[in-house]
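Shared chain: subunit A. Partners: subunit B in the first complex, subunit C in the second.
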Partner chain A sequence: MFSKTSLATSLGRLVAALVLALVLTTLIVLIAGAPPLQTLAILVVGGLGSAAKLAQAAAVWIPLVLCSSALLLTFAAGLWNIGIEGQIILGAVFATGFLRPFPDGGSFLLVMGALMAGMIGGALWALAAGLLRTWGRVHEIFGGLGLNFVALGLTLWLIFGPWKRPGIASMSGTEPLHPTLWLEALGGSSLSPVSLLLALTVFLLVAFVLSSTQWGLRLKAVGQNQDAALLFGLNPQVRILEAMVGCGALAGLAGALQVVGVYHRLLPAISSNYGYTALLVAMLASFRSQIVPVLCFFFAVLNVGSIQLPLQLKLDSSLAGVIQGVLVLSFFLVQGFEERFRVLRRTE
Partner chain B sequence: MRIEFQDIHKYYGRVRANAGISLVLEPGRIYGLLGENGAGKTTLMRMLAGHTQPSRGRILFDGESVGRLSPSRALGMGVGMLYQDPQDFPALTVWENFRLGGRRRDKRNAIQRLQELGDRFHFRLPPEERATELTVGERQQLDLLRLLDLGANVLILDEPTTGISVTQKETLFAAMNQLAKDQGRTIIFVTHKLAEAEELCQEILVLRQGRLAGQLLPPFRSDELVDLMFGSESGAGGEAGPKLQPNKNPFLSLEHAQLVGEKYALSNASLSIRPGEIVGLAGLEGNGQELLLRSLAGLTRVAKGRIIMGGEQLQGLPYVRFRQAGIHFFPAARLEEGLFPDLSLVEHFQLAFPTARGNPVERLSEEGIRRFRIHAQPFASARTLSGGNQQRLLLALIPKQIKLLLLEHPTRGLDQGAGKLVWHHLAERCRQDTSLIFSSADLEEIKTHSHRILVFYNRRLVADRPSQSISVEEMGRLMAGQATAA
Partner chain C sequence: MDFLALTLAGILSAGAPIVLATLGETLTERAGVINLSLDGTILLAAMTGFVLALLSGNPWLGLLASTAVGATSAAAVALLGLALARSQLAVGFILTLLCRDLAYFLGHNYARQLGPELPVWSIPGIRDLPFVGPALGYQSPVVYLSLLLTFFLWWWLFSTRAGLELRAVGEQPWAAFTRGIRVQRLRITYTLLGGALVGMAGGAFSLAVKPGWGRPQGAEGAGWIALAIVIFGGWHPLRAALGAYLFAALQVLGIHLQELFPMLPASLFQVAPFPVMILTLLLVNVGTANWFRDLTLRYPGLKKWLNRWQVTAPAALGRDFRPEKEA
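Showing the complex of A and B:
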C-alpha cells in the first residue's frame, strides 16, 4: 500500500510522471503515424476549446470526482475496490427501477428518491464484495471483478428482457424517462448544476471525514495495520464493511446521476468505465485528497478531447485510454525509481 | 571438503548477529551447532549456504576463497541446507519435487534414482504421491535426497527433529551417521536439544550472542553446555519489582486448556493468576509460551478447557470481550503488530483514548510523551521512532484500568537504560494490582522480575515454580529438555 508523503514530493512525482508520460505518448503517437504535437493539441483543445467543450468536460468530471472520492474511503482502509464499476452500474439500475413505475413523470422528489435508490443499490453491491472479503476470505479485487461482470450481465438482461422497450430491444437502452424526471441541464449540454453541486459536496465531505473525524482515523488505522487495529479494539472487519458500503453508496450515486442527469435511461455501458478511471485517479492521488479534483479534471479533458481524434486525425479515440494508462504506469515507475535510489543511497 | 570460517561478522542495521566467528569444519564429522534463539546460529549457516553475505570476514572452501556466494553457487560448491520447513512444492508429486533443480531426467529415470538413493538410507517415499500428502518427516527425507542428488557434500540441518516422529528421527540419525562416516560428508546439526546433540555429534559448537562461546569434544557434560548456551548475562536484569502481596485470591484461571495456534497446539495447560502477580515465561521460541499469551488475550483458539476471569468464562468469546474484561496484549513486533507506521503519535493517542477529543488529545499525547520519555514530536509518525521510543509509545497507549497485561518480549531490542524504564513502568502497574505475564529470551530478566516462573519445552508446560525456587541454570536445563533432577 502507499505511504503518505509530503505534498511537495507527491506534486514533484506527478510532474516527473507527466513528463515521462508525455515522452512515451509522443513515441506511441509517432508509431501510430500521427503528428504528435497536433495530436496533443487536439486532445487539449478538444476538451477545453469552447464553453460547450468545457461543459462536456465538467459533465465527465462529476462521476469521476464522485467515484474518486468514494475510493478515497476504501483506499484509506487499505482496500482495492475494483468492484466500483459494478457499484456504479447497480446505482443506475436501482435508480431506473425506482423511476420505472412513473412513465408520466412526477415531482423532483421522485428524482431525489431515485438518487437514494441508486445509493442503496451501490451500497448493497459493495456490501456483497465486503462480505466476500470478511466472511468468505475472497480478496476484494477478485470479488469485485466478479461482481462487475455480474452487474454488467444484469443490465444487459434487464435491457433485453424485462425492461426492454416495447417492440425494439436494443443496445440503445431502456425507454427514456419522462422529461420531468430529468435533472435540469445547462442549455444544450448534459451538465447539470445539481450534479455538479452534489459532486463538490461529496468531495468536501469525504475530505473532511478522512482528515478530521474519529471514524476517518479508524479507517486509516485499519488500512495501515489490520493486526494493530484489532489489538486497539477497532473492529477492523466492521470498518472494512463500512468503508465498502460508503464507497458503494457514492458510486451508486454517480450511477444514478448518469441516469437522471445524462442519459435519462439505462444503457449497457452506463458506467463508461469511470470506475476504472477513478481507480487511476485515486492511485495517483495516493491519499492526497486535495489533488483529486484537479486530476479528475485532467482526465475529463482527455476524455472529451479524444472524441475529436477520429474526426480530425482519423486516430482511434481509445488513444485517450492509452495516455491515461501510460500516465499511471509512468507515475509508478517514478515512484519505483525513487525507492530504488533511496535503497542504493542507504547501502552505500 | 574442509570449510573454514575466518573472522565472520554480520550486522543487520545496528543489530550484531555474528561477531568475529572463526572455526574449521573437517569432512566426515557431525558437528552440533547449539545456542538459544538469536545466538546467531541460523545467520552463520545462511551465510555458508549463500543466502546472505558476511559484513566482514570470509569463508574458505578447501583453503580457497570463492568470493560472493549465492544459494545456487553454494550448492554448486556442495553446500546444501535442510530447513525446518521443508522446501518443496506441495502441489507437485514426490518425483517431480525430487527432479526440480537437478539434472534433466525423464520420469522413469527420476523415480529410479529416487528409489536407489532412498534405499540406501531406508527412506520409503511413494513417488506418485503429492508432497502435501506426506508427513513433515517424509518431506524432510525428500528434501535430503534431493540435496544429495544435487551433490551436496556439506549438509546443514536446521532443527530437523522438530515435528517428526521418533522412528523418523532414528532413521534420520542413522542416515546422518552413514553420510558422515561412510561417505565422508560434513554434517552440521543445528539444534537446541542437548540430548540429541550429545547423542549424535562428534563435536559441539556453542554460539552465544553472536560469538563462538565454546567448542567441545566428547564426552559432553550437559551442565557445561547449558552454561555456555545461556551463561550469566551481564546485569541485564536490573532491580526486582514490587513484592507480591500474599493474601489475594486468584482472579483468573486457565483450566486444562488446549490452545491451538497456527503452527502447533499446546495441550492441558492450567494456570491461575493473582492480582499484582508477575509471571515470567521461559522457553525457546515456538515451544508454547507465545501461544499461552495469545490465548489469554483472546487472539487464538481455545479448543478445550476454560479461561475464567472474575466468574465469567471467556474461552470462545471474541477478542473485544477479552479487552472489555481488562486484558491487554502487548506484541513483540512493535511496528508490525502494535503500531500504525504512518500515523502520528497524536493519532495513536486519539485511537487508544477515543473519549478524549480535540484539544484534550494533544494535551494527553504531550503528557504521555513527557511521562514516558518518548523523544519525539507529537506529530511525528510512528515509523520514524527508534525502537525504544516505539516501545514507550506502546506502553503509553495501554489503557489505565487493566487487570491483566500480557507482554511478548517487553524489552527485546532495547538497550539497558530503555529496558530499565520499561520495567519501572511495569512495576508501577503491578503496585496498582495489574497482573503481568511476560515472555523473554533473557533468563536473567525473567528471574529478576517474576514472582513465578513457567518453563516450556517441546510444546508443553514443564515447570510452574515460585521464582525463588528455580535458578537460571535450571531454567536453561528445562528449556533444553533436561530432567529437573540434575
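Showing the complex of A and C:
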C-alpha cells in the first residue's frame, strides 16, 4: 500500500511536509481572521510551556502511542481498522463494568483486572469487525465505522440508563470510581507512571513482533498480497482476525487506562477521538514504527495546546486536528511528487 | 395536510441531501475512484454555504459556494489519489477528518446564528394532484433537484455514449484506454463532478433541511451513511436514491420514536441508523462468502431470495491506472 524507504528519506519528507503544513496552516488561520504567530505560540506554549502542561501532553501521548502501535498491526496486515475508536470505547466500558461492583474500593489487583477486562472488550469489538470482513464480506472501514457509532450508542445508553448516577443522569458520565481504584498520578496531573510504562512496553513489543517474529512476517505477507499468502498456506483469513484482535486488545487497554488513570468514570466522549488521531499518526509514519513515539508526542502537544485557543483567542480547539490533517496530506503530497519525478527520470 | 402526506413530505425533504451525496459518490465510484471524504466534505460545504449566505444575504450564492467546496475537496482526492497515485482510501480518510475540523474551526464565530434559507417552491399542477400534491408540491428547490438528478443520471449512465465511457473507465480501464478513451482525464472529471454534488448536499443541509450552523450541525454521520447507500444501491442511481429515501424514512420514524422516549438523549437516536447500515451491507455482500455459497447449495430458496440483493462493485474501483508505468 505504501512504499518502504530509508529512515533518512522518511525524515527528509517529514521536514518538507512540516514546512508545507506550516504555510497552509498560516493561510487557514489568516482566513479565520486570527493572528498566525500568536496562534502558533499559544499552541506551543500551551502544550510545552510548563511542567504541568508537559505532564498533560504526556498523558495524551499514552493513548496515542497505544493506539498507533495497535494500528501498526492491522496496517501490516493491510487492514483499515477505522473501528479502533469503538474498540477504545468498549475497553472503557468493560473496565467500568468490571469495577462497578466495588463502590467501596479495593486492591490494585482489581485495577489490573479492569485493564484485562478492557483488553477483552476492545478485542471482542475488533473481532466483530474482523468477522464482518472475513465472513460477511463487509469492508472493515464500514463495519468498523458502524461499530464505532454502536459503541457510542451503547455508552450513552449505559450512562443514561442502567449505569446512571443516582438522581442525575447527564453527559458528565457515571458515578466516579472509589479513589483506591484510581491509577496513581504524578502530583496534581493526570499522568500515571504505570500507564506510561505500559504504553512504552506495548510500543516496544509491537515493534519487536513486527520486525523479528515469524507471526509479524506472516502478517506483512498477508498485507502485501492476500492471494499469494493464501497460496503459501498462510491462511490470510485467520491472520486478519489475529491482527484485528491484537489491535483491539491494545485499543481496549488505552480505553481502560482512560477510565482508571484519567477520568475515573465512564464518559460519552471517553475516546477523545484518539483512535482517529492515531490513524493519522500511523499513516504519517508510513507504518515505520521508529518514529511513532515522536509523532505521537508532537500530536499530543498540539492537542493539549489547542485547549488554550478558545480561552485566549476565541478560536475553536479543532485547529489541532486541522494541523494534523494538513500535515499528513502535505506528507503525501511531498512523497507523491518525489516518486512522480523519479518515474519521469527513469523513463527519460 | 394529513399525517401521511406530512410524513411523505418529511421523507422527501430529509432524503434530499442524502440523495445528492449518494448520486455524487455513485458517479465518482462508477469512474473507478473512491472519494471517502464525504462525511467531512459535507460539513465543510454546509458551513461555507451557510456563512456565505449569511454574509451576502443570498442563499443561492451559499449553495453555489457549497458546491465549489465539494469540488475542491474532490480536487484534493484527484491530485493526491489519481495524479500522484497515493492510496485513495488514505487520502479520503484524512480529508474526512481535516474537512470536519476545518468546518468547526472556520465556522466557530457563525454558530447558532439565524441565516437565510432557500425558498420553498410551490409548483402549480403538482401541488393540486390528489394525495401526493401537498407532499410534492411545496418543497425546497434541492428536493426537486435531487429528484430530477436521480432520473437524469440514470439516463446519462445507461443511455448515452458518455455514460458508457464513464462505466468503461471504472470497469475495464485498459480496454477503454486501447479504444482511445482518456482514462485519467475522465476519472478526474467525474471525481470533481461527483464532489460538486456532495458539496451541494452540504448546502442542502445548512440552507434547507437542517438550516443553520453549529457544533454539531446535525449532518454529522450523513456522509458515511451516503457511502454505505452507494454500495446498497449497487452503484445504480435509482436504487441508490431508493436507499436514500428508505434511510430518510427511518430518520422520520426515529423522530416519532424519540417523542415516545423523552428521557433518552437525542444523540442516542442519531446512532440508530448505523446498526441498520451494518446489517444492510451484510445483506448485499454476504452472497460472495464461500461458506454462504455452500449454504445456498443446500437451500436453493435462500439463494434465489438473496441474489436479488447482491451487488458488485465497479471492477477497477480504487485501483491505480497509469499506462506510462508499463511503457
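Throughout what follows, the second predicted complex is superposed on the first by the 347 of 348 C-alpha atoms of A that agree within 3 Å, B and C clash if a C-alpha of one lies under 4 Å from a C-alpha of the other, contacts with A are read in each partner's own complex, and residues count from 1 in each chain.
In this section, a contact is a pair of C-beta atoms (placed from the backbone, for glycine too) under 8 Å apart; a residue touches a chain by one contact, two chains touch by 3 or more.
What you see is a predicted model, and the numbers here were worked out from it, not measured in a lab.
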item	value
Superposed partners subunit B and subunit C on subunit A - clash or fit	clash
Partner chain in contact with A:L279 - subunit B first, subunit C second, else both or neither	second
Subunit B versus subunit C as contact partner of A:V328, first or second or both or neither	second
Touching partner for A:R218 - first (subunit B), second (subunit C), both, neither	first
Touching partner for A:L22 - first (subunit B), second (subunit C), both, neither	neither
Touched partner set for A:A228, first subunit B, second subunit C, both or neither	first
Subunit A residues touched by each partner, larger count belonging to subunit B or subunit C	C
Touched partner set for A:I82, first subunit B, second subunit C, both or neither	second
Steric overlap of subunit C with subunit B in the superposed model, located at which of 152-160, 206-214 or 242-250	152-160
Touch list for subunit A against partner subunit B, complex	3-4, 214, 217-218, 220-221, 224-225, 227-235
Residue numbers on subunit C that touch subunit A, as the complex places them	36, 76, 79-80, 83-87, 89-91, 93-95, 97-98, 100-102, 104-106, 108-109, 215, 221, 224, 227-228, 231, 263-265, 267-268, 271-272, 274-275, 277-278, 281-282, 285-286, 288-289, 291, 324-325, 327
Subunit B residues within the subunit A interface of the complex	299, 319-320, 323, 329, 331, 336-343, 347, 350-352, 354, 357, 381
Footprint of subunit C on subunit A - complex, ascending	1-2, 28, 31-32, 80, 82, 132, 135-139, 141-143, 145-150, 152-153, 156-157, 160-161, 169, 171, 268, 276, 279-280, 283, 314-316, 318-322, 324-326, 328-329, 332-333, 335-337, 339-340, 343, 347
